[in-house]
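Every chain is named by a letter (A, B, C and D) in the order it is written, and numbering of its residues begins at 1.
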Amino acid sequence: MNDTDQIEVTTEVLEGTTIIKPIGEIDLSRAPSLRHHLNEAQAAKPGTLVIDLAEVPYMDSSGVATLVEAMQIARRNKSRIILCSMQERVKSIFEIARLDAVFTIVENREIALET
Amino acid sequence: MNDTDQIEVTTEVLEGTTIIKPIGEIDLSRAPSLRHHLNEAQAAKPGTLVIDLAEVPYMDSSGVATLVEAMQIARRNKSRIILCSMQERVKSIFEIARLDAVFTIVENREIALET
Amino acid sequence: MAEMSRPPDVKLELFSQPRLLAGARALISNIAQRIGFSEIFCGQISLAIDEALCNIINHGYDKRTDGKIMLSIWAIENEPPSLRIVIEDQARQVDPATIQSRNLEDVRPGGLGVYLINEIMDEVKYEKREGGGMRLTMVKLLPTRENCGSVSAANTSQGLGQTHE
Amino acid sequence: MAEMSRPPDVKLELFSQPRLLAGARALISNIAQRIGFSEIFCGQISLAIDEALCNIINHGYDKRTDGKIMLSIWAIENEPPSLRIVIEDQARQVDPATIQSRNLEDVRPGGLGVYLINEIMDEVKYEKREGGGMRLTMVKLLPTRENCGSVSAANTSQGLGQTHE
């Protein structure tokens, strides 16, 4: 992996909830880096993992696959994943892939934390 | 010229001052369309022509040449041209070409109208 | 699918490297925009090309980074306005019939690429190339007011609704 | 200027059409960004390429739209990090010495392209191609903290000052 294949991520750990906010396009070159960050966050078994996608202008099926994988891990851990603040262009791929009904997708971070 | 080679422009005519606001990248394909709009505005011989570049994220030397041409016309007409609201990326080309001292370039439209 | 008689407006050749996908997307999206596709459509077209390139890297070249990928792009402004993209590789040849999208009901990682390509593009054809490798031909027509050929125009999603103007 | 022994990471071929410049810029800017160039530098590199392509269209092909232009791009991540771009055409051959920037004091429309290319890029070389047409080789090194090789680092302009990080 090149340096530029690392995705920038900010992580906040609250009481029982972890918020992960990746920054930048998520495609085949950066999905492995995102997977690494998600695995790390999920290793601590938070009750809820919020993935804030406000700063992700683009995602391809490699990124979606990484999120589906994280959801499967969450199910095994009996924890939840909430996606929030999705940009229109990214929402469009979830809709085409009919994953908008499979994931819990909310408008913004505030709603995610109340959910 | 193709349809997409037409640059979108809004024009406001005030007392003695015309404000032209082109929208989009100005390169070799769109400079002729910008020239057309500037010529039209200058035909009415306004005392001041303000060119608001707030919505121009990119300009190459074809765009710059068009503005230099407009300045020469303004000089012949004994009128003024003021450039305002230039984005950083566009300012950079004026600086490299040392045209930042040749043109009157101001921060925003308000200052342009007071100048 | 009619063959194009004139040469492509743009040709792009790249190695099978994930780091080069973003550049290819930027080029395609920009050309699509020039033809008149809305921002959401440009994003979807970029996605379809991205998915096709990912599949060539992952399945065709088994993630090797030294394989060649050639794109030919026609920016068709009339007759009717459309974008035509042919992607060729020198990778493994497979029976086009085996390149299929899976059942989406079964939610699991992966297996969305071919589905997305088919949903987004108006014409999609996989073939074996004579000299080895595969060829994928894709066409996307510019939607008109009468012909709102968007992906999910059928399932009236809100997100995509905005693109029909 | 050392020759590159490895093949280019990306090749782009386009017709001498102004409407295709934006796509070429988008590709180059994206590749530059991947190497680590800041946004302002990506913009400047795109500008240099744009100017070179404009000159080929205007002077090489006399504004004909059916001329071929070939770009070869090396995204060099080490040794040191840099972007190398070779632009070739099949247009008029001119003596490289005649491709010169004019005196900027004399403010008039035009005559900035070659100046901008020279200011922006670290290495610039024009040559006649063996088979006909011209070849322009350009290299831009990634500025480091020690080596702030920005355009107008000398004339301490404010706009560009922000890019040195």
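Note that in this section a residue touches a chain if its C-beta (ideal position, glycine included) is under 8 Å from a C-beta of that chain, and two chains touch if they have at least 3 such contacts.
Bear in mind the structure is a predicted one, so any value in this text is a computation, not a measurement.
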{"item": "Farthest-lying chain, centroid of Cα atoms versus that of chain C", "value": "B"}
{"item": "Chain A-chain C separation of Cα centroids, rounded to whole Å", "value": "25"}
{"item": "Whole-Å gap between the CA centroids of chain A and chain B", "value": "44"}
{"item": "Distance from chain D to chain A - Cα centre to Cα centre, in angstrom", "value": "38"}
{"item": "Shared interface positions of chain C, touching two or more other chains", "value": "19, 22, 25, 34"}
{"item": "Sites on chain A at which at least two other chains make contact", "value": "2, 4"}
{"item": "Topology of the chain contact graph, where touching chains are joined (line, ring, star, complete, other)", "value": "other"}
{"item": "Chain-to-chain touches, reported pairwise for every pair that qualifies", "value": "A-C, A-D, B-C, B-D, C-D"}
{"item": "Partner chain C, residues of chain B touching it in the complex", "value": "2-4"}
{"item": "Touching residues on chain C, where the partner in the complex is chain D", "value": "9-15, 17, 19-20, 22-31, 33-34, 75"}
{"item": "Partner chain C, residues of chain A touching it in the complex", "value": "2, 4-5, 25, 27-29, 58, 60-62, 64-66, 68-69, 72, 88-89, 91-93, 95-100, 102"}
{"item": "Chain D residues touching chain A - in the complex, by the definition given at the top", "value": "34-36, 77"}
{"item": "Touching residues on chain D, where the partner in the complex is chain B", "value": "18-19, 21-22, 25, 39-40, 43-44, 46-47, 50-51, 54, 57-58, 104, 107-110, 112-113, 115-116, 119-120, 151-152, 155, 157, 159-160, 162"}
